[in-house]
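Just below sit the structures, each encoded as structure tokens.
In what comes next, chain A is part of two complexes: it sits with chain B in the first one and with chain C in the second one.
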Partner chain A sequence: MAQATSLAPGKSPLVEPAAQSRAPARRSGGLRNIGRTWPVLVLFLPPAILLFTLFVILPIGEAGWYSLFDWSGYGRPDEFIGLKNFELLWRSGAFRTALTNNGLIIVISLALQLPLALWLATLVSHRIPGATVFRLIFFLPYVLADVAAGLIWRFIYDGDYGLVASIASLLGFETPYVLADRTIAIYAVLAVIVWKYFGFHMMLFIAGLQSIDKSLYEAADIDGATGWQKFTNVTLPLLSPTIRLSVFFAVVGSLQLFDMIMPLTGGGPSNSTQTMVTFLYTYGITRMKVGFGSAIGVVLFVICVTLAFGYRRIFMKND
Partner chain B sequence: MARIALQSVRKSFGYHPVLHGVSIDIEDGEFVILVGPSGCGKSTLLRMIAGLEEVTAGDIRIGDRVVNDLAPKERDIAMVFQNYALYPHMTVAENMAFSLKLAGAPKAEKDAAVGRAAEILGLAPLLGRYPKELSGGQRQRVAMGRAIVRDPSVFLFDEPLSNLDAKLRVQMRGEIKSLHQRLKTTMVYVTHDQIEAMTMADRIVVMNGGRVEQIGRPLDLYETPANLFVASFIGSPSMNLIEGEVARGDGRPLFRTTDGLALPLPDGTNAAPGRRLVYGVRPEHVAPAAEADADATATIELVEPTGAETQVQMRLGEHLATGTFRDWPIGRPGERIGLRLQRDKIHLFDQETGERLDAARPRTAGAAGRAA
Partner chain C sequence: MTRAITWRHARALAACCALFSAGLTATTASADTTVHLMHVEQNPNYSANWRKIADAYEASHPGVKIDLQFLENEAFKAKLPTLLQSNDAPDLFYSWTGGVLKAQFKAGAVQDLTEKMQADGGAWANQYIPAAVKGVTIDGKMLCAPLKMSVIGFFYNKPLFAKAGVKAEDIKTWDDFLGAVKKLKDAGITPIAGGGGDKWPLHFYWSYLALREGGEAAFTEAKAGEGDGFTAKPFVDAFQKLKELGELEPFQPGYLGTRWQDTLALFGDGRAAMLLSFDDSANRQKAAAADGKGIAREDLGVFAFPSVDGGAGDPSSTFGGVNCWAVSRNASPEAIDFVKYFTGPEAELAMAEAGQLIPAAKGADKGLKDPIVQTFSDELNHSKFHQLFLDQDLGPSVGRVVNDVTVEVVSGNMEPDEAAQQIQDAFELDQ
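So, the complex of A and B:
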């Protein structure tokens, strides 16, 4: 399990604080400045580099090294197999499902969850009585531990005793075994994901909305804007830094999705709800193929870093 | 262009009344300034004219329409906000053209309108910039430009100059005034700065605590304030006000205070002896005088030369009084000075009601000679 943590993909944002702490030193480069900045460099750079090396570079390097072995995690890795693990991975149908699922989660997050969160945020960001209550209610799922949420929804979806079953039978439908059906289980999972995380994005949006100067809306009223025109011409452009941040979190979060899936479906039925991390856990850790798991970790890391840095570079350069 | 008529307009926020029946008639093309202390309801009234606040009771007419229930955009008005409220993500040109863009105007029309406004305000070189790249004065001008582009029949301004430094404020004061002369559009302007009001307005509405205290041309307010509030609010430094009562002097009535001060009443004062009054005289109507001509003698406390004139704080009996003197070798603090009050510039107010005593109006002085 210790290996799994060091391989965990979502740690890529961690890279940035260290990188940023060095940036000012570089920027304020000029010769005259060096006299004043070198104590700062000496004081702050070594710990940053040390921590960065210890907790980021080393584990990744280690994972990269293990990925070249067929290794169970016990004893020394001695069966060198080159890139065989990566080849296996590439041919695995379950991994492709996991990749597709992660893609689907991102798409649903962007196409459904964020618009929903934005819409609710515009509704509850007004200072009307009761708004705070709704804000809290909508935020509750996010506060819940991922594992707990997974468990709760497992019961809700339960075909024999669950809420969904009761409602279905009340309406006279055949009780569906949602999580047992290969074709619909992933949609059930997606619903839980949206339910679990929209509150977080809604909170981000509320903060963003409240930082917009109210008099801009009054000016727009006088300029003759309709509600929709105010939304597209004032709200959206001024909220765009928040939206970009929100999209960033949604993408990174979906790549890390694990805790909630395990109690909910465990990746099944027949791997139909695997994500990259549950796939890593199932095939790498529980089956004691640490070499293979490391290869998954490396792929995951590359995907994460590419997405995260690419995104920041393209969309968030002015934030 | 349009007239504006406010009829017994009231406003409450929840159960908290803010405006208690305000009636004002504003002529077509007039420049009217609402002035009053902070919290008196000026902005609220202006925002009600704009349609940004609902009317609790009463009628607001713009032109010949009652606009109470019309949305801001249907009222044919433009507003300049205190913080300018420029759209930060739009350039100056886009800010100014926004209303036309919303209305779906063709590009040529937008360009023409923006060009015209930019020329009036000298904004042409700034059209491609964003608000954050402008100085306060430039932003202010863009906000006015945005209003001009709409070509409204009424301009509304809410303390548009209060974020500017003193020098720029004087300059923009002139620009807004000349803008009004050029466009000849009805303008309603809110400020708490009485100097701004005095220098710019055709007429001033003095408000206090959600009520109108007086409406009039700047000089009317200065010369004949209708009550104590207006008397002390208009004019800088403000009017000297002293409480006391009418007393029988030798031959003609006098104004006497409890600390033994006796001041002359204007000719034809219509007040019975014993009536409790507030005696008012502006600092600029107090002059140093030789002992023989003096109405009163004071002790100098503070001398503040401002260049053209000198402001002198004096102790008059137990009262503090201010005088604005032009050219006189004024004494030093601690010295005694004789004062002569300009008779036709004395204001009398009832102590109970604060209302002006009609007979004390300089214009009607001498009309009623019941001095017994």
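So, the complex of A and C:
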């Protein structure tokens, strides 16, 4: 539920800025053409509103309602417990770990993944031989299904037959069981996340780089700018809308991380690699605590909405 | 997540369509009654055997059609809550009894069979062994027709035991067991294959230890919320023993990340000497082993979970599961008649002969051919108390907490009394 709903605010910033800029023109035209647009409204609006209400608004409301009950999913929710679910959530150590992990994923995404993607994008956006091949290679992990990527990396990290084990034994180290270790498992997961999603951001940056006017670089060359000066004074400022968008995707994507964690670690060992959504699944769905799960969903929803709208307000105002 | 759910929905939808069309053809063709049964049996040989039994029933009961419908385990569990509350609910469906069945009964989705089972001096109930009847009785009501029994016990690799100089016959007490673990370790052999990644394979240890420490009485008392509940001495002592086992480092390196299939493979490949597992694990290890053969039958041995010194529990009591067919709210009388036959001595004998299960019906175990499964079946027949898997018995929520804390204690990450307290907290929350 929270998944679907958090997508909605994720999409709106892409659509709305354009709509806003065009809004005044449309409004004046709309008044004049109201007679002609009326049938269109009647015909095309209800299905969209109906679907949106049925699959987005209603589930959000229901999740909010269920979160006040102790409910197994069978029959009707009839055991009203007020805010007990939220209190339990607050006290749960595993949830705090999940929150911290989500924070860590965001930090790593911003501090490691985006700079890496930007660096590679500047490399492969030049018209040099083989650039397309590299673009393809870098983008490949993103094309892979999340579940498949999780399974593949599970094999790679395997302490008995995995690639990591072979490399370790080749170098004469003791075989590490990366995913079985409470302290390092989360870093192994982070590595996979960076590997999986940097290609996506790289593609965004390449698109952004290609839209920068080449004559600006020529002018900078004539002025005698160094490569670094060109990067900080031309590339970065002109790429900033793309970077802001990329950051937005990274943050929202980090909060929704689920598919890859499940096959990779299942949130273990000892909940050390739990994210909010895997926590929701393990503690809400598999334990048949739909009420508790809904409470997690509500919290996740609030966090997503706050971040998404807050970010849009502050950083994407002018985009 | 979205992707996984869409797939599940698609499958569920397909199942729905199948059900719907099956219903349509049944009503248009004739006035026949169709009994819909939903199961999770993946093995095609086993479901073919069921089909054969159902065909025999159809032949002797004109006008009744039996529809056996398969749903993959996870899809089944995800789909069932909605399905049972709709008009397309199957008449009979596979169940693990325990907390989930109780929830289904409370929601009015399944029938109470007590009256029918007790009719004619308990003719129906008497066709099952007592442990099976006890397993499907929840709060004094029989809610399910028992199908199969499962028992947990130790499997061991005979050549590896011989190499380390360990004799399985000598493992009678927990101390003997710890001694065997030490000997195996000294011989450079991984003593136990442990599936810490899935957690539940390790909960067998604590459950059995608690059963040996406190017996039926301790569990009955804790479940009734009497005394100290799950913080009572037997449960804490069981955790203490588990901690001592963990300190010997008996499992393969990295066992906290090992999933169940890999655990079976580990044992089947001969990379670990022991495995605490289900009665049918001789086949499971074979299927999971790297070479597809696993440990040869003559090299595979079994022994019962050891007793503990001074434990109040009867050493013959067993730990395992009961599976059964639940009868849904709107099931036809024909469905009830069929399930009686389907779990009766004749049908269950055929299933036992196919090596499909340990039967819940009395006397059907004489059809068992596999000596290892026979050993377990005998154990069950002599058992005075059969404790159900805790995630069934205590419900999914408390059960998962048991799994979680068991892994924490055995890996030295949590103290015994704290683990017991967490189970008690979860139990109180669930009431």
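Keep this in mind: the second predicted complex is superposed on the first by the 270 of 319 C-alpha atoms of A that agree within 3 Å, B and C clash if a C-alpha of one lies under 4 Å from a C-alpha of the other, contacts with A are read in each partner's own complex, and residues count from 1 in each chain.
We adopt the following convention: a contact is a pair of C-beta atoms (placed from the backbone, for glycine too) under 8 Å apart; a residue touches a chain by one contact, two chains touch by 3 or more.
Please read these numbers as outputs of a predicted model, since none were measured by experiment.
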Clash-or-fit label for the pair chain B, chain C on chain A: fit
Partner chain in contact with A:Ala191 - chain B first, chain C second, else both or neither: neither
Partner chain(s) touched by A:Ser72 [first = chain B, second = chain C, both, neither]: second
First (chain B), second (chain C), both or neither touched by A:Ala145: second
Included angle at chain A between vectors to chain C and chain B, based on C-alpha centres and rounded to the nearest 10 degrees: 150
Partner chain(s) touched by A:Leu45 [first = chain B, second = chain C, both, neither]: neither
Which of chain B and chain C A:Pro237 touches, first, second, both or neither: first
Chain touching more of chain A, residue-wise (chain B, chain C): C
Contacts of A:Arg182 with chain B and chain C, given as first, second, both or neither: second
After fitting on chain A: smallest Cα gap, chain B-chain C, Å: 40
Contact footprint of chain B on chain A as seen in their complex: 213, 215-216, 218-225, 229, 233-234, 237-238
Partner chain C, residues of chain A touching it in the complex: 3-4, 72-75, 88, 145-147, 159-160, 175, 177, 179-182, 185, 256, 258-259, 265-266, 268-271, 277, 281-282, 286-289
Contacting residues of chain C [partner chain A, same complex]: 1-4, 81, 84-85, 99-100, 103-104, 106-109, 196-197, 199, 253-258, 395-397, 400, 404, 407-408, 411, 413, 429
Chain B to chain A touching residues, read off their complex: 50-52, 71-73, 77-79, 81, 83, 85-89, 98-99, 102-103, 146, 150
